[in-house]
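After this come two complexes, each holding chain A, first together with chain B and then together with chain C.
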Partner chain A sequence: MATDTESGYAEGFGQVSRTVGTVFRYLLLAATMFGIVTLAVLLVYVANDAIQPLTADAGWHLTFFLTLVVPTTLVGGYLYRRNTDALKLGSTVVGMLAVAVLFSGGVAIVFVDIIPPLTGFSYAVGLVIPAALTVILTKYERQISFTPRVAATGAAFFLSLFGVPGYLHSIPELVQKAPVVPSDWVILALVLGGVAALVVGQYIARIREDATAGLIAGVAALVVTGLAALLGPLLGYDSNSFVVVTAVAVVPTATYAGGAALTRKRERIGLLLAGTVIVGSLVGAAAVDLLGFAGPQSWVNWQFLTNPHSSSAERAGLYPAIGGSILLMVTVAALSFPTGVGAAVYLEEYAPDNRFTRFIDVNISNLAGVPSVVYGLLGLGVFVTYLGQATGTVIIGGATLALLILPIVIISSREAIRAVPQDMRQASYGMGATRWQTVKNVVLPEAFPGILTGTILALGRAIGETAPLIMIGAPNVLFSLPTELTSKVSAMPLQVYAWSTLFASEDFYTKAVPAGVVVLLVVLLAMNSIAIVLRNKFESES
Partner chain B sequence: MTGTEDPTNDEMLVQTDVSEGLSASESSPKRDAGTVISSNDINVWYGDDHALTDISMEIPENSVTAMIGPSGCGKSTFLRCINRMNDLIDVARVEGDLTLRGKNVYDNDVDPVALRRRVGMVFQKPNPFPKSIYENVIYGLKIQGIEGDYDEIVEKSLKRAALWDEVKDRLHESGLDLSGGQQQRLCIARAIAPDPEVLLMDEPASALDPVATSQIEDLVEELAEDYTVVIVTHNMQQAARISDKTAVFLTGGELVEFDDTQKIFENPESQRVEDYITGKFG
Partner chain C sequence: MSTDDLETDLTRNTENTPRELLTRSFFFLCAALSVVTTISIVGLLVVEASKFFTITAPLMDVKGETASLVDFLTGTTWQINNQEFGVLALVSSTLMVTIGSAVIALPLGVATAIYLSEYASAQARSVLKPALEILAGVPTVVYGFFALIYITPALGVVFPGIGTFNMLSASIVVGIMIIPMVASISEDAMSAVPDELRQAGYGMGATKFDVSTGIVVPAALSGIFSSFILALSRAIGETMAVTVAAGAQAKFLNPINPASYLEGALPMTAAMVQLLNSDITGGGLAYRSLFAIGLVLFVITLIMNVISDYVARRYREVY
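The block that comes next holds the complex of A and B.
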């Protein structure tokens, strides 16, 4: 009897049908993958058109396969099994180098081609002097009250930058008219190398907890930058680009890698991966050169990056558009960051909870969804028609794009500010801090990484916008870099759009357009990767 | 169970070794120093919710006054009335008089920020800033514009908070790297660094383990030498051990009894208080 019951129970469990659930699960998976896979297919297609990897010799592929792909896979696989943190460190260094090299390209465009080094230098001097004065004044914060201090600082900046017309030369003028001026590469090495040395020195001093080590590292960074300037001509390149790449990309990456090697004993083996990638690329490049294998007939090449538009697709380049996009980004960031963060701080920390605030709340969310072409119309109406500015200039384009991303900056900054624990605000108020002191000392430092992440992602949206620029009359094609805020500007997406419509021909479709798309995407991904790294760092810290 | 071993505070050993609470007889001379805080018919509303009803009490100088009662009875709310932290809550409304050394803090000419500079506060959850230990301690000095030898003040405050020996070699590490008990003592050091007149503590030991709790209790007794301490606690034994005066709040936001701690715990006037203390209620 007992055994009967047992077996009866065992049979009684039966099977519950899960067919519907399984179908549902795979439908959801399909929905998830649909967008990603289609985009991936498109990207592969575009990248293939732009870079044309199949045009390279088989020997070229084989050489790089042996020198780069195989060692990297081996080292990466080893690290993946043994020590994932080390793998993370290694790939961070590689990624950092790549992004920093791209970034140095941007810096070179801005500080060599758009702003002549001497002009930039003169303004840097003009800014450093009053800034130093401000720092000195802060030391006497308690003796001198707020208003005269602010007035003195403001006056110092004004006099230094603008002088008194007719009576007193401004500092930039004085520097530019100096009888002996250093050559461009010396200025670049001093200014960029100086900034790099400052950052490197501070970083090393912090991780080694030793001011002398920081000083040595800083001086070393400056010396390396100077050496790069001398090395450039020997290898047949110009000094300026060598200086920029060294100061902006090589020195910071090397410092980060060196710092990791010193402090993170368990993970430093990951640097092996970075070394493999760098050495592998160099050896591969040298080998194909030596053996005479031809590389791919890529449309994304040095000429494409440095030439302006041309009526022949082979000679067409993206240079003025790249420079225009960079200038637009700088303008957009300068306009939207302070306004957006300011609005976010007001709404989160100061605004009372009343109807007016809720009305603003709802409207900011709505503004984030307004189509970009409407913002273009707004820019045209306000800046061109009403304020009488010329169409299609850097400042108009920047202001219009800034308006476009302002709601996004406000919303993401508010999220970041809201994420600061209420406990910390309470602690600050409990100590007798004013609202402003609490915002300045507690809320903003805590929220800053989040605010920065949101802003970079928003800038990523702005850099891809075409419609507002068309609306405000930005020229599709530009043959020289915009050099002032009031010069006409074009942008990468606009140039690509022009190639695909105005100059539509088989050649442009298959060559210039995919190459332009790839450059645009690489810049976008580099920006987003900075945002992602910042966010990860932020999340792991809190 | 207390018996502080901290060598930096020898002169206070005698006082703090009164371990089993009920130190009313010893603290009575201190109370002669006078009343610091006096509340008169304080009422608090959160929106339509009447959180405190007609609270009147006088808190004596240089002593520990404990507030006990079940959750939601309004003891924290009353504490936050003293330094006007309730002002930060949009829906909160306070009526009545609350004087600090004779000055009504709810007068129109009182700046709540200036008030909070005279009344330090320690919160339930340790909430150090994500800055270094050193920066945490001098935060109040910096924002209040107090001058002086910051190194010395940091050392003194951390010693008073019985934390100096544990952190003196890592003052420039983040305050968040400390353990919960250490963080709470850091918050106490931060609160006393600008030398306030009154120290408010909102269940300062409720998030801590027994060892850390007893350290905080020792500390509170020591601090009462120089400061007027008002402490909110859930823990009746804690109130009995460390306080000179005890206020019992019961549900509905009323102050049922306020008297010497010894009297409250041994011979309370109200039956409800006796029920609460003996565990029959609440």
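The block that comes next holds the complex of A and C.
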């Protein structure tokens, strides 16, 4: 730096400035840390209230310290000193497993409790048949012109999903009426295991550059999912949830770890860390069970996660609110992702530079600053009062929240699209591509990671919102899961709000609310960390 | 650019095929949706609010009870049961939360921005920036709960007379919540200051402290100021934290008097939530007062956003 001169003359002069500079520097650091430290302290308090780690036996802590903390620290420390890339790989696998298990919980709620497996299966069949037809039609792209092709595809989807009332049954109806239907776990294993097998097969085929290896891996994934269904009851668990966890969490994580072990020879020692954590937790749990040490009396327990609200804080649970948040998130994503990306594509790729475009531009940035409670009023006034919908349903809540995050999705998607180099577009045009072909084949694939990151962050914002849901009349207390788009919905933040204001009592303040806050924060933290990891990966690649 | 012409030349022939037309109109409709949203918000708020006031209700052909516009804008009592709709009682407490959070967030936010843009190493930045994002990502209802359960009792040690619901704890959490907003926008403005200016400063014998406070901050002033306004507009519109922590009793407090921060009151957004939770019949006076408050809130935040945009554009130093 300019002040660090060697000469004695400047030394005395610089000494004074250096003190001021140092003080200033540490003041700035303190200011930066203020918010973060405050939040950290508050989080420690709320976690302590919710999980109560001090109520556990000393033996419980000791067991887990010996089986989990000590080995993990040793392996982690070794990797940190020897091979940081391997440490990164190991922690990625651990984080991926944790997030995937969380995600599989959500999938289990949706595909077991909200949508009965048979209904889900019937719609899956109803979608697969016209999708296959579309793929076949695309092969004849040159023979059939665009308009009849789109018409045929649209008709196929419509006929398959809705049929012709009175004349022709839709495919979901036919499947549901079939005389012999497989049991729930078979359906789940077929549908979820099938999707997992497809993803795993593609991944392995890509990294091994060998289609046969992909096929083998895919079949193996399906078989493992099926085996999990048989193994579940033996261990005393429900086979449905075992299938979901295996297909959504275990198989993909194992594939990623296996793929890394095969391709990244220098870093694969990092998998040792993941192994230590998994084995350590399992051994610790078994040892605690065997030795009879009692764990902490956490309010975040199985009962809290699977029970509905109750007027007594001990028995109150979050289940309908969790299901509601998941349904809302799916609805919001389905509504805001296509429209947000579409608007961003229009503004970046199509829009002429005229007044209307500039107006849309200013308008979007102003919409981003409108308070969420005003969006709630919009939902109440337009959807409920003018369009006469019932208050507090999934679809109204989803639509309101989708409008709320739309400006954020548009702004972040535009940034991602703008980051695509102009040369790539020109190369595409140079090959004779049309505008839509350029958008579809060049711009969107290039911008996809950025768009995805922005959308995940916006969805995190949406599921943390409470005010719009209150305004559209979502019930404060809900005892059953919403199962349709028109059923009443609750959400995790709404339940936390209801407990901390309408049921305000010492009991709720110290038991149910902290537990609800912890669950909500874990979900949001998981979403934010996915987004941040994706962004870091994307930024380091480009 | 000449390449634009090239693009049009190359794409002209295919621009109007059915596929291009279909996709282009889909994208256009998506973009137009944002305009429709704005029009619906403005239209809805104006129509419903004008049904509320005596002076405009005949225009909307509304019979029944109405409230005086003058009383609404100048009254200081908000009691729905007594049909008293003085919005100043709500505006004053919103102003208090705004001032309180500004005292916390503006200096801390700017200091954070200076640290991140001038002092922090790349490694420190890669840790601090996501941490700050988490600060903004925590749901506001959770902040409200923190204020009510942890911060208020802690403040009670210092100020024994503090109420269970008080403006101070609400202001503190809203302030923490908007620090990242001030910090990230100000930091963008500071990073945009060209390095030549810093080098010139060092060349004149300035220290890093001098360069940061004497060159970078003045050069980025328009960005910093616009971040202030945006963050304050966010604080005004903030709902759940103040609903949970600030109180439920509407009261006109003097925002300049520090002692009044120990009392609870009802900011505009909290009043809206409260109105919705009390059973109001659709179309009644209380229902319409909701939209009247909403209109005031919308107009205030819109004006602030426009000012922020104007400041950022008009006073930006161009290098």
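Operating definition for what follows: the second predicted complex is superposed on the first by the 526 of 542 C-alpha atoms of A that agree within 3 Å, B and C clash if a C-alpha of one lies under 4 Å from a C-alpha of the other, contacts with A are read in each partner's own complex, and residues count from 1 in each chain.
To be clear about the criterion, a residue touches a chain if its C-beta (ideal position, glycine included) is under 8 Å from a C-beta of that chain, and two chains touch if they have at least 3 such contacts.
Bear in mind that the values here come from a model prediction, so they are computed numbers and not experimental data.
*Asks:* Contacts for A:Ala249 in the overlay, against chain B (first) and chain C (second): which applies, first, second, both or neither?
*Replies:* Neither: A:Ala249 stays clear of chain B and chain C.
*Asks:* Should A:Pro493 be classified as contacting the first partner (chain B), the second (chain C), both, or neither?
*Replies:* second
*Asks:* Is A:Val75 contacted by the first partner chain B, the second partner chain C, both or neither?
*Replies:* neither
*Asks:* Could you say whether A:Pro352 touches chain B, chain C, both of them, or neither, answering first, second, both or neither?
*Replies:* A:Pro352 sits against chain B, while chain C stays out of touch.
*Asks:* Can you tell me whether chain B or chain C touches more residues on chain A?
*Replies:* The partner making contact with more of chain A's residues is C.
*Asks:* With the two structures laid over each other on chain A, which partner does A:Val513 touch: chain B (first), chain C (second), both, or neither?
*Replies:* second
*Asks:* Scan A:Ala427 for contacts with chain B and chain C and give back first, second, both or neither.
*Replies:* The first partner, chain B, only.
*Asks:* A:Val442 contacts which: chain B (first), chain C (second), both, neither?
*Replies:* first
*Asks:* Residues on chain A in contact with chain B in one complex and with chain C in the other?
*Replies:* Shared contact residues on chain A: 426, 429-430, 432, 434.
*Asks:* For chain A, which residues count as touching chain C in their complex?
*Replies:* So the residues of chain A touching chain C come out as 1-3, 14, 17-18, 20-21, 24-25, 27-29, 31-32, 34-36, 38-39, 42, 45-46, 146-147, 150, 338-343, 345-347, 349-351, 359-360, 362-367, 369-375, 377-378, 380-382, 385, 403, 406-407, 410, 422, 425-426, 429-430, 432, 434-436, 439, 457, 460-461, 464-467, 470-471, 473, 476, 493, 496-497, 500-502, 509, 513, 517, 520-521, 524-525, 528, 532, 536.
*Asks:* Provide the residue numbers of chain C that touch chain A in the complex, in ascending order.
*Replies:* Residues in contact with chain A: 3, 6-7, 10-11, 14-15, 17-20, 22-24, 26-35, 37-38, 40-41, 44-45, 48, 107-108, 111-112, 114-116, 119-120, 126, 128, 130-135, 137-142, 144-146, 148-151, 176, 179-180, 183, 202-203, 205-210, 212-213, 230, 233-234, 236-240, 243-244, 269, 272-273, 276-277, 282, 290-291, 294, 297-298, 301-302, 304-306, 309.
*Asks:* Where on chain A is chain B touching in the complex?
*Replies:* Interface residues on the chain A side: 142, 352-353, 421, 423-424, 426-434, 437, 441-442, 445-446.
*Asks:* Mind listing the chain B positions that touch chain A in their complex?
*Replies:* The contact residues of chain B facing chain A are 83, 85, 88, 90, 113-118, 120-121, 123, 125, 127-130, 139-140, 142-145, 147, 187, 190-191, 194.
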